[in-house]
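In the two assemblies presented below, subunit A is common to both, partnered first by subunit B and then by subunit C.
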Partner chain A sequence: MNAKRVDKIATGVINVIAGIIVLILAGLLGYILVRGVPHISWHFLTSPAKAFQAGGGIGIQLFNSFYLLVLAMLISVPISLGAGIYLSEYAGKGRIVEIVRTAIEILSSLPSVVVGLFGFLLFVIQFKFGFSIISGALALTMFNLPLLTRSIEDSLEQVAFSQREAGLSLGLSRWETVIHVVIPEALPGIISGMILGAGRVFGEAAALIYTAGQSAPALNFADWNPFDIQSPLSPMRPAETLAVHIWKINAEGIQPDASAVSAGASAVLIIVVLLFNFLARRVGTFIYRKMTAA
Partner chain B sequence: MANKNIITSKDVHIYYGDFEAIKGVSIDFPEHEITALIGPSGCGKSTYLRTLDRMNDLVPGARTTGAIKLDGEDIYAPTTDVVQLRKRVGMVFQQPNPFPFSIYDNVVYGLRLAGVRDRATLDAACERSLQQAAIWDEVKDKLHDSALGLSGGQQQRVVMARVLAVQPEVILLDEPTSALDPISSTQIENTLLELRDQYTIIIVTHNMHQASRISDRTAFFLQGDIVEVGPTKQIFMNPQHKETEDYISGRFG
Partner chain C sequence: MEEDKIRAAMLRKSRAARIEQRGRAISFACIALIVLVVVAIFYFVASKGLATFYQNKVNLWDFLSKTSWSPSTTGPHGKPEVGALPMIIGSFGVTFLAAIVATPFAIGAALFMTEIATKWGAKILQPVIDLLVGIPSVVYGFIGLSVVVPAIRNVFGGTGFGILAGTFVLFIMILPTVTSMTVDAIHAVPSYYRSASAALGATRWQTTSRVVLRAAVPGILTGIVFGMARAFGEALAVQMVIGNAAMLPKDLISPASTLTSVLTSGIGNTVMGSLENNALWSLALILLLMSLAFNLVIRWIGKRGALK
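Entry: the complex of A and B
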């Protein structure tokens, strides 16, 4: 067989494999969207769930998902930024640093249900936070930190060494070089990483079942005092998220329209995650353009 | 040769781990002169250049011994402020490394971070530096476009303007034209000749013709040591050592 023939066969095989992956993804997405989208309505998106009758919505679950996401990101972004900057710019190549890197790698492949049980034991039981938004947000932080740290570290390391040399040789201190040269250049990557992380957190269920809880008590959307238990902002209330809701109605739902609610909620979840991914690209390119041609 | 020496170095050794890259180099650099460091690849000339603003500090395992003084002050003394040192000794690298910002922002970057906020001062510094780097006419109408959109030669001159804007005393250049086409190289060379009156310039180059065209003095490095240093004319017309003669006549290297 000559090289040309082999090349043709290899190209063909790779195309087929790529095609199979696209088909699987398109099929999965199409199935969820086709089944779910017809159930989505303004009523479905805004009204509370019903446990026994048909016609329940996902309003509170949707709000909970976003609120938990915001809290989890507020906690995890500063920590992972610090860790990522340290690992990429300051840590060097010591043995301890290698251990830290390995630990982060292991943590990032930890099954989320284990993170959930850890959160249950530590935050719910030990710290007596109960099934609450704050327990859930902390569990999500544990789940998100390694991945976010890794992605920030990678984005920073993508910045060419010559840029650091340029900064330092201009008489910038190391910190100034990091803040004013390296981070601006890595910013699009960092932001994409954050938004993708947000998508992952938004769809997470297993880490939340035992931390944020499986119930969504009625909320008083007129009360924005975070210290009132029925306030949407209260961090101490239990909060079932969209992903947990889907899991729960499929596991033990007794509503007559359980499968319809589940299909609709799944479609909403997928759409939001897709939006996050789409946004990650758009925001990334936009910021890069903004930075490079001021 | 009445100019006083701005940088002096005595018995400089540089080690990367166990490897001795520079083996006892002593050389002085007079003010307002262009000194060219030449020699075959791997002879240590870039390594030596990068000790003068302590950029070798960034290399893990690098160690420097000997005395290197800027205006009589030991730059490897524990009390030396490396950031201050690098403000006085600027550097241009082999690959143009503009920041991914606009041309204007690139040039005034050092000044801004030094706390200069006044728009008029920044504008003036930007124009002066770009003119000194001989690129003002080419970019004056697109100062707010990205520096990454320029050609390699233009980028290198913007980088030079960025160094000039902070007004260092010494400018180190590490093969600044090796990634550029001949026309851009000539422009950079002309720029350097014009800057000689105000700055002390030390340039590492692989290009013999470049060294002979622009430098006042030339030092020939070989295997981590200086074989010969002297006025450029003498080095090229009447070298004292056989290795020097062999190298500049192209017999090796």
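Entry: the complex of A and C
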């Protein structure tokens, strides 16, 4: 065979592979949306799940997912902001810094089920938080920290060094330069990273099964006192999230309409995650434009 | 008197210096906290996982090589059976098979995006890949359960649950990771390599296969190992389609189990501190060590690749 023929064949094969991948994704999304979207209704999104009958909703699970997400972000954003600042502004290139970076890398590559089990051991059992939102939020924080730290560090390092020099030459300390000059400049990147992280956290289930628990007790949505166990805001109640719910009904599947419920819940999950991805792209540029008048 | 005041003022830290010190301390505390978390994870999981061998006197080699797993009942030797080999084989099996299937697809897709249809690739395939990364793993598990398992049941018979179904689900899960890292690796190949090859009269495929891919090997390998690390640690999606039978898989379509699947379904049903529970923590320890090993391999590839 001559070289030109081989070239044509190889090109053909690669085109076919690319086509197959697009088909797989189209099939995946199509399957979930076609099966799931018809099941989504106001009733489905707001009513509580049913254990043994058809017609259950995902209202409490949906609320739990968002509440856990907010709590996890509230804990992890300040910590990873501090860690990102340290890595990009203060850490040099020493041996210890190298070890710290390795530790963060290892944390980011740990299987989420291991993170969940550690959370179970430490928060649920040692600290006696039980299966609760706070245990879940802390587990999600550990899961989220390394990625958020790295994305914040990257965003900070993108800021030109001349910006820092300008700040320092005005007599600001390094910390003040970071807070008043570098972070505002890096904000679009930081926020994009946060939203992407939120998307990942929202779909996470393995880290939550043994921390936030697998049950969603009925909530009293008229009671907003966080210290009542029935209140939606109570951090000490067990909280099954949407992703855990999908796993649970498929693993145990007592409901007669388990597959329809999981299709609907999967569709909701995917739509929210896609929304996060879309926002991550748009919000960053929007904020940048607002702040710089560019 | 006057001199003392000046002296004190000179020696006192300025406001800016105090702010600086405090800021530095706060950010250092954050990074220390993350390192502490990593150390704590290793300490807790290791102390629990090793208890099987120290407290319950299980032989480490038996644990790794025996094939019968029923920690709650006593076996013929008067000891509980804790042979983790079926799970270890299951985990490595789905991981390697998924990586083997995903690699040609990932390289093909990456070449399509970088060498053949750069415009199209960037417009269609790139967002597709980004979307796939974002889909939560339970959704993959659900699709595996409702599409892949019945399909395998129809084609090959049996229950449909097993290593083949697990492989298929993991293949789709790691494909985007491997693809996007392969794309990065190919992008990093300097364009004058291509020009030089084209100037010698090579066709596009000759340039691609003999120059571009060759130069991108370390990056592609890193991507594959990353994908394998993800596949090895994936829990729920696999647990939903693998069948969860803790025995040595006869073939690819009979129910099997992985380290993660046994962990997710078992740890809630055992009593803390009992042998059953400790044995599960030992599985978690294997997972932890393997994720460390994947990390080391990635570093090693990075170092080897950087030298060239």
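Keep in mind that, in the parts below, the second predicted complex is superposed on the first by the 267 of 294 C-alpha atoms of A that agree within 3 Å, B and C clash if a C-alpha of one lies under 4 Å from a C-alpha of the other, contacts with A are read in each partner's own complex, and residues count from 1 in each chain.
As a working rule, a contact is a pair of C-beta atoms (placed from the backbone, for glycine too) under 8 Å apart; a residue touches a chain by one contact, two chains touch by 3 or more.
Note that this is a predicted model, so its numbers are computed, not measured.
Contacts of A:172 after superposition: both subunit B and subunit C are touched. Within the superposed three-chain model, A:162 lies in touch with subunit B and out of touch with subunit C [touch as defined at top].
Legend: residue contacts after superposition of the two complexes on their common chain; A:18 is shown touching subunit C, with no touch to subunit B.
Of the two partner chains placed around the shared chain by superposition, neither subunit B nor subunit C is touched by A:94.
Once the two structures are overlaid, the count of subunit A residues touched is higher for C than for its counterpart among subunit B and subunit C. Under the contact criterion defined above, the residues of subunit A that touch both subunit B in one complex and subunit C in the other are 171-173, 176.
By the touch criterion stated above, subunit B contacts subunit A in their complex at residues 53, 55, 58, 60, 83-84, 86-87, 90-91, 93, 95, 97-102, 104-105, 109-110, 113-114, 144-146, 148-149, 159, 162-163, 166. Put simply, subunit A touches subunit C in their complex at residues 3-4, 6-7, 10-11, 13-15, 17-18, 20-22, 24-25, 28-29, 31-32, 78-83, 85-87, 89-91, 99-100, 103-107, 109-115, 117-118, 120-122, 125, 142, 145-146, 149, 171-176, 178-179, 199-200, 202-206, 209-210, 214, 243-244, 246-247, 250-251, 259, 262-263, 266, 269-270, 273-274, 276-277.
Residues 16-17, 19-20, 22-24, 26-31, 33-35, 37-41, 44-45, 48, 104-105, 108-109, 111-113, 116-117, 121, 124-125, 128-132, 134-139, 141-143, 145-147, 172, 175, 179, 202-206, 208-209, 229, 232-236, 239-240, 260, 263-265, 267-268, 272, 281, 284, 287-288, 291-292, 294-295 of subunit C are the ones that touch subunit A when the two sit in their complex. Interface residues of subunit A, counted against subunit B in their complex, comprise 92-93, 160, 162-166, 168-173, 176, 180-181, 184-185, 291-294.
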